[in-house]
Amino acid sequence: MAWYTVKRLIQGIITVWFIATATFWAMHEVPGDPFIGEKAVSPEVEANLKARWGLDKPPLEQYWIFMTNMLQGDFGISFAQESRSVNDIILERFPVSAILGILAIVFAGLGGVLYGALTALYRNQWPDVLIILLVIIGISVPSFVFASVGQLILVVINQILGFNVLPVAGWGDISHMLVPALVLGLGTMAFLTRLMRSSMLEIVSADFIRTARSKGVPAAQVFSRHQLRNAVLPVITVLGPSVASITTGGFVVENIFGIPGLGQSFVLAVQQSDYGVIMGTTVFYGAFLVLMVIIVDLLYAWIDPRVRLE
Amino acid sequence: MALLDVKNLHVEFTTYGGIVHAVRGVDFSVDEGETLAIVGESGCGKSVTVQSIMGLIPMPPGRITQGTAHLRGHDIIQSKVIDGKDIRGNFVGMIFQDPMTSLNPTMTIGAQIAEPLEVHRGYSHRQAMNRAAELLDMVQIPEAAKRARQYPFEFSGGMLQRSMIAMAIACEPSVLIADEPSTALDVTIQAQILDLVKSIQKDTGMAIILITHDLGVVARLADTVSVMYAGEVMEAGSVDDVFYRSAHPYTLGLKEAMPTNQTGRSRQLKPIDGSPPDLFSPPKGCSYAARCPHTMEVCLENNPNAFAMQDGHAAKCWLHHEECEVEAEDLYQA
Amino acid sequence: MSDIGTYSFRRAQVDLDREEISRPSLSYWQDAWYRIRTNRRTLASLFIVVFMVLVAAFGPILWHFDYDTQDLNQTSKPPWASRSMTVIEPYTPWLDRPAVERWSDTGAPADIQAIGFPSIEFVRLTWSPVQGATRYTIYRTIVDPEGGPLGLPLGNVIGESENSYEDRIDLEQRRYWYSVEATFADGTTAASTLPIDVAAAATLAGAIESGWIDADTDLQPGDTLRTPWHPLGTDYLGRDMLARLMKGAQISLFIGIVAPLLFILLGVVYGSFAGFIGGKTDALLMRFADFVVALPFLLFMILFKLVFGIGAGESGILPMLVALVLLSWPAAARLVRGQILQIREEGYIDASRLLGTKTPRLILRHMIPNTMGVILVTFTFAVPSTIFTEAFLSFIGMGVEPPIPSWGSMCNDGRKTMETTPHELIFPAIFISITVLAFNILGDGLRDALDARMRSTE
């Protein structure tokens, strides 16, 4: 397990290096300039500004500076909000996105496993049919529609009751998080439910389930110890990609619900051509996703001994 | 009354294509220390027979429509519980055909052997794990204590099957049902496994129901044999009676289709032409009639009862009817 | 069996060959087509997909509304909105204000009434003033205030004997509650309320200018005209929703189908090359594919959009296409490589090789046909996810540039008015959902039909 962890971490570091490199060269190719466009500046001022952000150096040197800074955990300086480091912005914004994302993935994961198990238990009975119907909706409706409709429903509920059951937008305590996290997790939950269902149906006729029953193991224990644990395995393998899709969904959900997360700040940075924040956030998110995939892989290895020991 | 006694068992499956009459009136019984072999080709209903008694076929679509099964006089079709205890794993142990897929891939071998002890005997996990190591040692797995902490994918097929046996006998059952225990293993391992089962039986005196399509295995292990075809027992009796005084054309056909290594005799293997009847709509006469070399008009119209001969030897064949002109003895020469 | 004697024990003839194979043999594709035809869900989704493609291809040509023609007098009209409109005189300032006929004796402004025809052009109010009032404040609410809060004032008229007010602020065709509140010298107030139904109206010149009627139509003020039919309503700029949705279908389906075609093609070439070459090259190529997979997809889609830069008047479709291809090919490459590696080991390849088949023919006859099914299924699943991506990017304003509509950007526009006119959000959302759903179900059906190993357990 230790060797496996080290191996995955080394792979992860190389991957993050690739992401940072790709980000740097992509940004380097971006036409235009953050200083021009908005306002006309004199050549001297422009030269000064460029010198300040190191844009006057040859590309390879810029790349070297960029990479060494990244290695030291320095993601650069914002071009639009002067004197703010990208680290600052990430430090301020990321926890918000992380809480929202974690809540969403918990919703999605628990819901997916629970509903998937339910559909398999009640195969072709009404709970199955109902959940499958909801799954179809969940898979086909984009997250921004869920978010908009969720907000609309919240507005209507608040209007009917005459007081705010839950706030419609903003950020603060748990009451602000529930609806955004739910709409953010819905698509993933639907996907996981579907996966869990087919996985359960496959496992239910597995030979080792018959073996467990032949040992006289009570049904509840067969379900929890033998069936569920094995059925959850494929669900765990897709949790990594799910983190990525929930992160992506976070971009709109944060914007719609006015949540001051990293997604919102990234969209703003793109609108302001704030290259510093764009680069920093991209590399940070890339590294974060790589880390998530590694964590999920380790989790998988912990549950499935076949991966761990190979 | 015998230890396990099954009478007139009927099992059906409801499928999209209609109802499959998988088991149609099977009788058998087994006593302590005795080995009963149920033989027959694939799909003849031999596995369904025992699995339905043990409540291991999914219901629905499966259904026991008729028949009784008694373990020590208790009806085990109505209830799998005797004296407040589930018979499965406790009074009856089972081992299955494919040890690779029959063990839970995410549990250690030890934990899986320990499970019935915890469930039926109330062992603590620690006690049960210790006992599991002893059992692994008993089925001749080296370094049993270490092996108990390993997972199925770390075991070879033969070792997995030994582990299955250890698991099945953990609670010292009075009946061991072995559903094609050696089919998925290679020949040398097969012999070892069968010897192991035999020696355990010698020590514990349990009854064994051996399900197989391998007549060699039957000859090696069994005391009595039931030959199944298309969901019915065609012939039953002691190994000697069934093998050397075969009373049913199907048994003869099986024997001729089997290779022998008798020196000095060379003969061609003779396959049985045709294929088993469609169990969606079984024929109204004898189900072997379509493939039988001795088919008579009566066979196509009426399904025979079992004709009893000496020492519990019985065959479901019209040839044994008193009006039949072909003498049953003629069959042996065939 | 007592009736045994009635049967004969004579030998019977049994025909062993009476079984025969009744099923005709089908080729792989015939079999697949048979499975698709007999699966109702798959067939239905296939029809929806074909229908959507037809709508995208021919809808904008056939439909007489343009996707970017604005009609600012017809903004945010839901499909069920009334199309009747009263023709009114051109607006002239309200000069002949009524004189005070009588004073209120209730202590609050009384006898509120509308003068003339209350339409979306103007509402003219008059009332009986109250003695002692210093000013009158006029409020307009869309629900009956029932003595409760009146919200923000519409305007003030100062003076005890003022008795009229003209409202021309953003009137809509609906019922309003107008309240007139008198404020007295000591600061106390008293108000009265009157509900007024405001009618849709247009001047003849305005209607002609908007293109609702022909210039030579003979209509008099007071007559009713019918505004053009927008079956799915209009958006916040008065553009026809149906025209925009059909144009949006063009954009979404174009990107949703062309991008997967290209990136799967690239993936197939890359993957089969890697799989065929094998060894170190293969390992290196696949490592690179792993890296590309690890890039944060959405962020890089946005980065690429910045890299390509979009000039004025460009649609932004091409940059999105290129970005999608650059980022999405590895999945197909991995899949095809796996298939090639697997097929390479199959006995029939060896057999074919032993018979002297040359490599190109081997690829053409064995490799490609045997991976075709998997590739087709991958393609069918790639389409809805690409449509999702496009919609998502357009929703956050990083996709197709306005005024070109895309379902995603239409959802974003519709969101702003969803509380009052939800149809602007709901219709594009339904179009996305149904299309994505149809492609997903079609993908499931194709997978079941084409590949027994991938068959789902549903």
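Letters A, B and C mark the chains in the order given here, with residues in each chain numbered from 1 onward.
To be clear about the criterion, a contact is a pair of C-beta atoms (placed from the backbone, for glycine too) under 8 Å apart; a residue touches a chain by one contact, two chains touch by 3 or more.
Bear in mind the structure is a predicted one, so any value in this text is a computation, not a measurement.
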Maximum centroid distance from chain C, chain identifier (CA atoms): B
Centrality ranking, top chain (CA atoms only): A
Intercentroid distance (Cα basis), chain C paired with chain B, Å: 62
Rounded Å distance between chain A and chain C, as computed from the means of their C-alpha atoms: 25
Inter-chain centre distance, chain A versus chain B - centres from mean C-alpha coordinates, in Å: 54
Residue numbers on chain C that touch chain A, as the complex places them: 290-291, 294-300, 302-304, 306-307, 309, 384, 388, 391-392, 395-398, 408, 411-412, 415, 418-419, 422, 425, 429, 432-434, 436-437, 440, 456-458
In the complex, chain A residues that touch chain C: 15, 18-19, 22-23, 26-27, 29-32, 136-137, 139-145, 148-149, 152, 155, 197-198, 201-202, 244, 247-248, 251-252, 255-256, 266-267, 270-271, 273, 278, 281-282, 285-286, 289-290, 293
Chain B partner contacts - residues on chain C that touch it in the complex: 1, 4-5, 7-12, 14, 16, 19
Contact set on chain B toward chain C in their complex: 273-275, 289-292, 294-302, 304-305, 318, 321, 323-325
Sites on chain B touched by chain A in the complex: 51, 54-56, 58, 80, 85-90, 93-94, 96, 98, 101-107, 115-116, 119-120, 151, 153-154, 164, 167-168
